[in-house]
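Chain lettering (A, B, C, D and E) follows the sequence in which the chains are written, and residue indices restart at 1 in each chain.
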Amino acid sequence: MTQIGLNHFLFVSVVLFCLGIFGIITRKNAVMVLMGIELILNSANINFIAFAKYGNFGYQGQMMALFVIILAAAEAAIALAIVLNIYKTFSTVNVDEIDTLKD
Amino acid sequence: MTENLLIQFAIIILFLPLLGFVVTLFLGSKVKKIFLFENFVLILAFILSVIMVFAKLNYYPQENIVSEFHWISLNNVPLFGTLNIDLGILVDNISVLMIFVVTLISMLVHIFSIAYMHGDKRYNRYFAYLGIFTFSMTGIVFTHDILMMYIFWELVGLSSYLLIGFWFEKKSASDAGKKAFIVNRIGDIGMFSGILILFSTYHTFTFDKIFTQISLGVLPFNSEFWLTVTGILIFCGAIGKSAQFPLHVWLPDAMEGPTPVSALIHAATMVAAGVYLVVRVFPILTGGALEFIAIIGALSAFIPATIALTQNDIKKVLAYSTVSQLGYMVMALGVGAYKFAFFHLVTHAFFKAALFLGSGSVIHAMHHEQDIRNMGGLRKKLPLTYATFLISTIAISGVPLTSGFLSKDGILAGTFAFGSLTGQWFFAFVGFFVALLTAFYMFRLVILTFHGEPRNKEKFDHAKESPFVMVMPLVVLAALSIFIWYTPNPFNPEQGAFLSKWIKAPTIVVPQNARYSFMKNDVIKPAEQVQTAKPKTEAEITFSESYTEAMHHAHIPAMLLSLTLAGLGILLAFSFYQWKKLDPDKLANSIKPLYKLSYNKWYFDEIYQATFVAFTLGLSNVLYWIDTYIIDGIVNGSATVTKQFSKFSGTFDNIVVDGLVNLMATISGFIGLMFRRLQTGKVQTYIVVVVFSLVIILFLFKSF
Amino acid sequence: MQNFPILSFITLLPLFGMVILLFIPKKQELIIKSTTLVITGIQLVVAIFLLKNYNYSLGGINDPSTFQFIEKFRWIDISGFSWIGKIKIDYFLGIDGLSIPLVLLTALITFIATLSSWTINKSVKGYFAMFLLLDTGMMGVFVALDFFLFYIFWELMLLPMYFLIGIWGGPRREYAAIKFFLYTLLGSVFILIVMIGLYFSTTETLADGTKVFTFNMLSMMNPQNFTAQGILSPLNPGNLRLIAYIALFVGFAIKIPMFPFHTWLPDAHVEAPTAISVILAGVLLKMGTYGILRVCYPIFPDITRQLVWYIGLFGMINIIYGALCAMAQKDFKKLIAYSSVSHMGFVLLGMASLNSMGISGAIFQMFNHGTITAMLFLSVGVIYDRAHTRGIEEFGGLATQMPIYAGFTTLAFFAAIGLPGLSGFVSEAFVFLGAFGFGSIRVLTVISTLGILLGAGYMLWTFQRVFLGGLKEKWASLKDLTFREYAMLVPLSVIIIFLGFYPAAMLNIMNSSVNAMVKVMTNAQTFYGSLLH
Amino acid sequence: MTIYDIIFYLFAAITVVSAFFVVTTRNIVYSAYYLLFTFFGVAGIYVLLGADFIAVVQLVVYVGGILILLLFGVMLTNRITNVQIKTGTIKIVPAAVGVALFAGILSAALLKTNWKTINTEVPISTAHTLGLLLMQQYAVVFELLGILLLIALIGAASMARK
Amino acid sequence: MNNNNLNYLVNSLYLIKPELVISAVIVLLVLVDLIMMKNKKLLPYLSVAGLLVAAYFIIEHFETNTFAFSTGSSAGMMIVDPFGNFFKLLIVFASILVVLFSVASTEIKNSFDRHGEYYALIFGMILGMMFMVSASDLIVIYISLELVSFSSYILAGFTKRSIRNSEASLKYVIYGGISSGIMLFGISIIYGITGSTNLYEINSLIQAPQVQSLTFLLAGILIFVGIGYKISAAPFHFWTPDVYEGAPIPITAYLSIASKAAGFALLIRFIKVTFIQSIDPEGFWHLLAIIDWKTFIIIISILTMTLGNFAALWQSNMKRLLAYSSIAHAGYLLLGLAVMSNEGITAILIYFIVYAFMNLGAFFVVMLIANKIGSEELDDYKGLGYSTPFLGVSLAIFLVSLTGLPPTAGFIGKLYIFIALIDAKMIVVAVIALLNSVVSLYYYIKVLKHMFLDKAEKEIPAFTTSYSSAILLVAIVAPILIFGIYFTPIVDLAKNSITLLGF
């Protein structure tokens, strides 16, 4: 076991990122898909903060993370509003069943 | 009468029939009697041509009067210099004599047709067509260059097409017209290729200028071989037009046209144009080309003669006889008997026209019955027709006191002389043998038609002598088949002005070593030549003295032999058909294969059909996988190679060429479909695709 | 009169006419038709006027000073820091002996096609509006001397043609129209790309001495104007002139149409209404060969010399292949369409000869094919209007029923066969004489003569099947020609016969230009040859 | 193995394992709860990285806001008693392959990179500095975010209301 | 903290007057909507007025060339330069048209009670796009991108009750969320390598040769995912057909022009500013060797146009067809970037001017037709050319222009792209692109075929358009024909706009 360094954090971040994508792809429920997106955003945030700390880049990274959290909240609000709307029109929130628009 | 006036006469004669054509065609449906105008025009043309012949032969017996103009001027062409395409009129002895023949026969046929065609629903149109034909033929005669020759050459083809197919309601007639035109075109392609070679070498079409340059040693592709080829190619035109072997198949079919037309076009004038062409280009023909011409002529003389022996259609017999006689002329040219070839052209024109018109008279009387097996005994009903027909038959058989005897004998003498000079007796043999055959089948025709008992009583009873306008031309033409017009001595044509003064053998311009040996200038050392420096007559320059001598010697034996053979032929004919001493059927049975060969016209049509179809079969087997269509077509065995091949290329176009294009379209569509497959409407699929494409992109770019 | 922009007038008049048509109420069909007739009539008169004032002795081709009726002014002039700023496009019109026969032809054929369009009764207004737009496009192509302008006119006629075939055509009109459109667009795409390439390879010197890239075709023809680095400049050792030439050639060849790009033609012809077939065959096909002569030849004389054998080869294939295909057809119109393929082969063959005779023949053949094929299509139209079928086998014996019609058709058929005395003969003969005079395509020429035979074969066969033989019962009520049809056929017949007897009338017009063209091709050898070594 | 390391591994494990359950558990409500742990773990990591303010914001916004929102979402779109609350998974195989490949590339690239690392002291508190930055250097971003939130508000309201 | 800083902020505010106007209008719209509950007629006029004011400010400072909101020594958060101003102007222009379209749209009219939100969201998008085109910092880029996205998610599903709208909205939000997440990850990596989010600073930092190119490449491509999704470049385009088909037509039109334009502006700026090494006098860029953007863009653009064109061949819905067509056009536009020269960028700008007219026009006609016949299916277009010749002819002109045939402006757009390509000796690419445009003809012409060549299955009564719509339509058609023949003005405009700050 080496000293905990940047790579450890990056590894966590990569895992979160990939799990996020995996979740987005595999989950039927639209809300679960949103959760996947949140995971991705979190993984990026870990990156930002880890880089800021280990690269001694100042506060830009933390600033960015802060903004991203705010954006994530806004996005969640909008996305949920849309999901609710979908539920009203389709009576389901299963993403794979919502495919009237296709070739 | 100045030279200029002659030219003007020529131009008037040339355009008068055209005027007649235009007027008759456009007023044809409005004015019933307009055909009279056409007749008038022709009579006028004939009168002018008589004046012209007289003037030319009397006042300018030696001159070649030329008048030309720039038809097209290409000005100063890069690399070439000035390039003009001239058309012009050449008035020399040959052309005036020929024009006399043409206008005379044309006029007679016009007159004959007034009665013969009476009642036809396109009466005026018929005369219009005759007008355009006469115009075209006149053009051929007067031309001073090969381009104009070709132009009018095609125009006679057109008029021939129109006239053969005049009764186009009959399928056989329209078929025959088409066949004539297309078969002629085959020859014309050769001729045109020859013209291409000439023009690309000499940059002119004018005969004189070409001759001059050849005599200066300018040769196509600098090779005598190509000069020979050029000669042969140009002769191809004659093969087509004069119905020579192997393109003779159209002429018998052409008998579908009205009989006067057959007389005018397919016996007297147009078919003779081929011979006239060879006469015109004679100076550039090398020994090789002449030999080729002679062989074609010999075959054409022989094969149709054998066919004519067994035919039962009166016009078909005459048609094959025409081919055979044309073969004679061509052969004569090939062996160098230039003068006699042209002579025979003239004499043949008259008696063959007479024969055809006579047959027309018979057919008219028999209400369009053409089969001689249904005739017989018409002598009594149609005395004038019979008389004229008989005279012409005697003439064609080569019996003394006729023009035919004179000219034919000359040709035979020519082949004889050729044999003695070169050792090739083939042509002489063919010539004499065909003379025998000719006499036989012609008399067979006469006997079966006019002698004996009528075999079709009903038609016989209705038959009556034709009206004056039909008989008059017969009489005129028969009269012209007598020797007296040509020579005072019925046994020596050379004594007449026709051969001694009017017609001169032309100067051969091809290089010495490309000529027949006997056409070489006599071995006179250059130095002596300068010293002697006497003005040479044309004959001397053309043929060596040895030829003149051989010709002289050949005369008598040839005459005797031909007389004997003609007599034998006539005798045989009489014994077969008149006296019934011999049974033709028995003979036919005993040599069945030969008989059948002759009766079926040597299977030429069938061979052409079969070879092409067979060829197509082979081709189609290879291409079976492309198209089963072709197989069907051939199994049905309906078409010739061209039709089949065109069908093939038509489907090729549809399936392969168009198919490729459609394939492109299909592929495009398929690509589109592939892209569509991705657009499932499920957002998660899209994301999978995005992830995968990201992976691919990263992999791709990692290698950079 | 001196400064009157007569070429602009003749080109834009139909466009103006189209605008007028748009203001005529839809129901006034007669007025619409008459207006179009007047417009095209004026165009024809102006074209004849042009001819009358045309100076035969000036050559044109690559020399700007010998073009006539020139109109030139700067159209797009953007100045800036790099090439994109210096783009300069001229409105440059002018004619020489190469274009004036085609200007005449266009005016004539359009006029006659207008007459032929009289029978149109579906959306008349739209039809004639499209028709006039097409007219502008065609005329523009023949008078434009700036490549950009040329291209715009070239493309301008696509869309009207699409609609004319697609709306007023036969049963498979949609397929035919889209096929036509796709093919020609494909062709013009190649032209476009070469055009841009040429733009970057040639410069023009302005009055102030600066050099700018140019679309001016005449400047492109002057070897002095090539830039050192241009991709299509012969000065650049790695130039792509050969590929560009082939692309350009293919672009034009599709229009001709040259084998194997010809398959749009039969479909388009068969489906198009008669008048449009007439225009298509009469004028549009000529745009391809005109393009080759106007653009490919003088701008790429070096490559032309290099590839001339192939041009001849394709000419030969066109001749033979077109004729064979024609023979297999059962549809009268399709047969004529394939005969066009065959006849345009003569043009290609003539062009390949690179001598005055062949090129004269080619241009003359373009004109003659325009008139003759127009007449053939009109003939088909006449019978189709009456019988509503074009199946060759369905007819027979029409010569009895409609003798005058048969007469005109005979004339057209024989002109197409190349019968002497009619215009087609002279051009075909010139093509052959020229091509045979050029050593390297001699064999091709000889093979091509077969085309004469095949031509006679399919034409006469068709003639026989349609006109000769016994009249079929069902056609016994067909009427002979009407006055309007006379008005269409007579002028064409007169021209065909007149030019057959006196071809010099047309050949003289183009003579100087043809000689100039041949000079360009000849001199090119020395110039471009010296560049290589 | 310092205490720092142990805490890191703890948080990392919480984050990764709970995230794994988030995307694999069939019950949506459970997933949401696992997500809570993930967010906690991430917040812990932030603390370890010296970003105390962000960690707090993470807890407040994510756990207090987003997660609640998501839960509301789950509740509003499913009846609790219904089995539908369990959600299926789809496209496991392509997803697994794609994500594995992607993860491979990502980790290979990221972990092999020679990052510039400078050891620095962890500041006590970052709130002050961040606040200043927000008001000065990032003022425009801050305002932009304000408008963004306004738009999100308008949008979400517009979407969600009857 | 200190005055200087504050002054700087205030000075910077002067530079973003257009953005301030737009922000103010958002607030105003919300307020007006609240105050005048019943009368929504004022909103579009207010919007247009606001946009005109913004346009005035943009034009006033068109030639400005400076940073705003400086972060450090030299560079700022934002850039005000002619290039950005050009796009702002384009966006404002498209917005005005879209607002006018919305007034005429039955779809939008039917949800009249939410008009306030509608216009506010549009303005949110405008604001986001304006920031996008002038952002020079990855933070601003990301946030403005999200601002645009959020607004468009809602707008795509604006008429809530419609199934298609809702679905479009959901797909858009999921796809957009992931794309921006991936992009964010990429940004974080770049930040990790360079320690900066400012494009200019990044550029100066990566001039050094020891930069980790593989990681950088990864980051660059991940960022491209976010931008590529905005400009619908293949393979990140999948949302486009579905969302375009589903969204209300004015919004579809808007997405196809404005957000695509903003995306392109962003992409160009991102690539040029971040990766430039030097620029030669001919205007060609020499990029750093870290990422082979040229090859990458060429591949993406060919893929995009091919996919767009070929997939469009099979479409039977007009909006979907235009969606694929817009993908194809993104491909052509990318080619201008692939040239990697100022000329290429000029060509893109010219293309965008033209494209704005023709694509907006096409969507407008589709909308007017949909208003009448209630369908966008091609089969329902049969015979429309006769029942409504005016709309038919207009649509024909738009489609011909989209194909790129002279004498329409579309040809000029394509011409400049190809000129740029051939000047850069990218002939094979040019040929592929041209062949693509031949393919594109097929589906454009298919629409014309349905309208003019085919017979209507059921008789459509002839219908006319309102005068206002007709005038608007003529105003869009006319430039297409005029610019097709006389294109000096648009070229001049584009040429004057290619000055990017710093180069």
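Going forward, contacts are C-beta pairs under 8 Å (C-beta built on N, C-alpha and C of every residue); 3 or more make two chains touch, one makes a residue touch a chain.
All values derive from a computational prediction rather than experimental measurement.
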Please report the smallest number of touch steps linking chain A to chain C. 2
If chain centres are mean C-alpha positions, then the most distant from chain E is chain B
A-B versus B-D: which has more C-beta pairs touching? A-B
Centre-most chain, if every chain is reduced to its averaged C-alpha atoms: C
Going by the average position of its CA atoms, which chain sits the greatest distance from chain D? B
Gap in Å, rounded to a whole number, between the CA centres of chain D and chain C: 71
Let me have the rounded angstrom distance from the C-alpha centre of chain A over to the C-alpha centre of chain E, please. 26
How many angstrom lie between the CA centroids of chain C and chain E, rounded to a whole number? 43
Round to the nearest whole Å and give the separation of the Cα centres of chain A and chain D. 6
Among the residues of chain E, which are close enough to touch at least two other chains? 139, 143, 146, 150, 153-154, 157, 160, 169-171, 174, 178, 182, 189, 192, 195, 214, 218, 241-242, 311, 314, 442
Note the residues in chain B that touch 2 or more other chains, in rising order. 676, 679, 681, 683-684, 687-688, 691, 694, 698
Pull out every residue in chain A that's touching 2 or more other chains. 17, 20-21, 24-26, 30, 33-34, 45, 50-52, 55-56, 63, 67, 71, 74-75, 78, 81-83, 85, 95-96, 98-103
By the document's touch rule, what are all the touching chain pairs in this structure? A-B, A-D, A-E, B-C, B-D, B-E, C-E, D-E
Help me check something: in the complex, which residues belonging to chain D touch chain E? 105-106, 109-110, 112-116, 132, 136-141, 144-145, 147-148, 150-152, 154-159
With touch defined as at the start, can you tell me which chain B residues reach chain A in the complex? 676-677, 679-684, 687-688, 691
Mind listing the chain A positions that touch chain D in their complex? 1, 3-12, 14-23, 25-32, 34-36, 38-39, 42, 45-46, 49-56, 59, 62-63, 65-67, 69-78, 80-85, 87, 93-94, 96
Going by the contact rule set out above, which residues of chain B touch chain D in the complex? 684-685, 688, 691-692, 694-695, 698-699
For a test of understanding, state which residues of chain D touch chain A in their complex under the given definition. 1, 4-5, 8, 12, 15-16, 19-20, 22-23, 28, 31-32, 35, 38-39, 42, 45-46, 49-51, 53-54, 57-58, 61-62, 65-66, 69-70, 72-74, 76-78, 87-92, 94-96, 98-100, 102-103, 106-107, 110-111, 115-118, 120, 122, 126, 129-130, 133-134, 138, 141, 145, 148-149, 152-153, 155-157, 159-160
